[in-house]
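After this come two complexes, each holding chain A, first together with chain B and then together with chain C.
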Partner chain A sequence: MKGKIVSIHSFRGGTGKSNVTANLAAQVAMTGKRVGVVDTDIQSPGIHVLFGLDENKMGKTMNDFLHGKATIREIGFSVGDHPGEGEGRAKLVGSNLFLFPSSIKGGEISQILREGIDFNLLNEGLQTTITEFDLDYLFIDTHPGLNEETLLSIATSDVLIIILRPDNQDLQGTSVTVDIARSLDVPNLFLLVNKALPKYDFSVIKKDIEAQFEATVTGVLPLSFDMAENASKDLFSLRYPDHEWSKSLRGVVDFVLAAK
Partner chain B sequence: MSGDILKQLRETDFFKELSDDALQAVAAEGTVRRYAEGESVMRKGDAADSFFVILDGNLKIVTQDAKGDEIIINKVQPGETVGEMSLIDQRPRSAGAVALEEVEALELSKDVFLELLTERTDVTLGILKGYSNRLRFSTTYIEKVIDWSQKTAEGDYSFLENTQPMLNRAGSDDDKAAQLLSAFYSMVRKVKAREEGLKQELERLTFEIDQERRKREFEEITGTEFYAQLKAQAKALRERRAQG
Partner chain C sequence: MPGVFDRLDKEIKDKQKEGGISPLDLAGLPPSLRKIMRLMLRELQLSYPRLCEVMDGMPEAERLSRSDLDEALSSLTQQFWLIRIGEGEKAIYKVNLRRKEGSKLAAGIWSALDARLKNKPKDS
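== the complex of A and B ==
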């Protein structure tokens, strides 16, 4: 089947999930693949900022689609045509990378939360997105925790990447997510450690966490002040390709491309 | 007195390349000297008019520090030669030699030595051959040390596994190069051990998962009707996808 759904999840907030999702999607697009990014973090959307999409210029959103008020075609925003400002993003010109943003309007958010989302509707939406845009990969930036929307995303994923920091609270939450992903038969389950303090031996962190979950750790990314300083101004791994963080992130791309 | 001066001469680095005939010529021209413990064999700054092949007993090679106190810079054992350098480069003694115990040495005067060099081509060639060997050895060792230095700088310690530097024999000059190699080898071994120690000292994170809580939270999520329905829908979806 063409078009894989790759969900990026973390149990707690602050793991750098949106940043990783945006950078990973951009890196996969740089390999020549057709890539989409869906922001289903409907409660606190934000990935559009990383792609330089101005909130005021945002047209139709995923919320409109979920309410039958817009087609997927109308929502897709071509990052390759409009990479926005930033040295890093400029490298995306001509790439096939599309963003499907969520609404940031309070009223629309609460409406979705009140009504809930239907699995089949969401799934149809994602499949339509893949077909209409002829995508190789559709990345889903999910909301932290294990609420119903997130469970839906996990259930529909071909690849699930769980981002965690190397601490016990993140490990505890991740353990439940790992069990859920296995219960929902997600074919490719990957872990990605972010914000590891450079003073630790990353190979030991990788080994220890893999032993805890019997799952592949696709990378251990360092906690970086450079990254924090860049904030959401640009896509870090494109702007600073030789940085340790960027190099480790590119290692994750291979796992995504190799996933069956 | 040692019964076999020829044998001892043959074991010195300086004369080891000489033929028996040439060795005999050297031995015949030398004078056996004996020194009591503490006696000076030669003094720093003296004119170099002879050199010595040590036949028995140990000596110390000494110089003085700025205050005039003695500094021992080397120890010399039987089979080694003392003072041959200044005989060739015609400069005053660069250090003194003092017997550490009763010492027996074969002294060859400068005149006798130079005469030998003039008259016996085989002696000259033998001595040159010895020098050449020592240079060759030193060069090989220096190249090795350069190679190891570069590897060490890059953090590549694999040569430690593949090399066993030879143990020092007597403290003769070409062995100084071997000593350098050996000292370098053990230095790198210590550097490596220290580096590994530091790595281990790095704080290691300990990960612990509360398995009961994990199980409880999993059951809370999976125990709902929503989840049961989702699981069934997901299963159906995966089957549809598998069929293509």
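== the complex of A and C ==
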């Protein structure tokens, strides 16, 4: 059976989408699964930072694939073989976690913006990633908001996790995404609340949001100064496994693994 | 000098580039066709016998008759939302996704940006 596609999306920026995606993928990989992470946020890529990559360390990228200059096999960066510095990431040594980054070179980003994207090729790339690397799960870090590449990843996902903050702008935007996801028949639609103020009762937040969207809230993650201080330098949930944020995130892993 | 087949091939490729389905168009399809398109996107292509098998496995309320399925496949192919390779029982279908168009900003802006990026100091 083919691996599952898990798209992580948020209607607005700044929800902590890339951080959640990287940590979630790492936690799933820690259970022994073969996991890939694709950065389809081609206009403003960032998830590579959480895996210790920068412009100098980055090899071939999704941009190279979309321009016919690299195969999917050449792009996959083995985090298990090269976890880089970072106490948290060091725990990933030997895991089967692969990153498929997008380029952070200005010229290559502008080339994509100028020339557009061949979606047949992008979809072929995503599906080939699963088969070539024999993945159990492919996590897709999407661009915030609803652009075409995000819609493509939603349309082909087995699991869609929409991240939102308990904020009225996020709530309104999320309702649009939920409607679209439902019209595209996403089999497993989940919500994840991030950056919730600790002074509130998280069980009330969960209940209210579930009632509003008629969808499962997989977790409520607290707004954390510790997380902000980490500044994407390391995978927070691996470095501080006993932190409240990490514990709540691990609860989300169960939903991903149980999804049919 | 290009032959007839080269010209036909070019014509098909040009039409593929012009047309294609957008992910949002999928939402407007009937449930059974949406499921088939989704499966095709995941599998990259499906043979006609496999399409029939998938349709037969759908709930009765969503299931299309063989003639309705054939008509739908023909219509989607004519719109270039699907690409058909081969004929009849041996046909293979692929989804043809519409290309995301590039930015409409004036070409001069991109060349100016590229020139700036090429001259960017390494450490900035």
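By our rule, the second predicted complex is superposed on the first by the 255 of 260 C-alpha atoms of A that agree within 3 Å, B and C clash if a C-alpha of one lies under 4 Å from a C-alpha of the other, contacts with A are read in each partner's own complex, and residues count from 1 in each chain.
Methods note: a residue touches a chain if its C-beta (ideal position, glycine included) is under 8 Å from a C-beta of that chain, and two chains touch if they have at least 3 such contacts.
Because the structure is a prediction, the values reported are computed rather than measured.
K.L.:
For the overlay on chain A, clash or fit between chain B and chain C?
P.N.:
The answer is clash.
K.L.:
Touch check for A:228: first (chain B), second (chain C), both, or neither?
P.N.:
Neither chain B nor chain C is touched by A:228.
K.L.:
Of the two partner chains, chain B (first) and chain C (second), which one does A:93 touch, if any: first, second, both, or neither?
P.N.:
After superposition on chain A, A:93 lies in contact with neither partner.
K.L.:
Please indicate which partner A:257 is in contact with in the superposed arrangement: first for chain B, second for chain C, both, or neither.
P.N.:
Touch partners of A:257: none, neither chain B nor chain C.
K.L.:
Check whether A:175 is in contact with chain B, with chain C, with both or with neither, and answer first, second, both or neither.
P.N.:
A:175 sits against chain B, while chain C stays out of touch.
K.L.:
I'd like to know which partner A:124 touches here: chain B for first, chain C for second, both or neither.
P.N.:
second
K.L.:
Considering only touches as defined above, state whether A:199 meets chain B (first), chain C (second), both or neither.
P.N.:
Only chain B is touched by A:199; chain C is not.
K.L.:
Could you look at A:149 and tell me whether it touches chain B, chain C, both or neither (first, second, both, neither)?
P.N.:
In the superposition, A:149 contacts chain C only.
K.L.:
Mind sorting out which residues of chain A both chain B and chain C touch, each in its own complex?
P.N.:
119-120, 123, 148, 151-152, 155-156, 180, 183-185
K.L.:
Spell out the residues on chain A that touch chain C in their complex, using ranges where they run on.
P.N.:
Touch list, chain A to chain C: 2, 5, 105-107, 110, 113-120, 123-124, 127, 148-149, 151-152, 154-156, 180, 183-185.
K.L.:
Any idea which chain A residues touch chain B in the complex?
P.N.:
Residues 1, 119-120, 123, 146, 148, 151-152, 155-156, 158, 166-168, 171-172, 175-176, 179-180, 183-185, 187, 199-201, 204-205, 208-209, 212.
K.L.:
Could you pull out which chain B residues touch chain A in their complex?
P.N.:
199, 202-205, 207-210, 213-214, 217-218, 221-222, 226-227, 229-231, 233-235, 237-238, 241, 244
K.L.:
In the complex, go through chain C and note every residue touching chain A.
P.N.:
20, 22-24, 26-27, 31, 34-35, 38, 41-44, 95-103, 105, 110, 113-114, 117-118, 120
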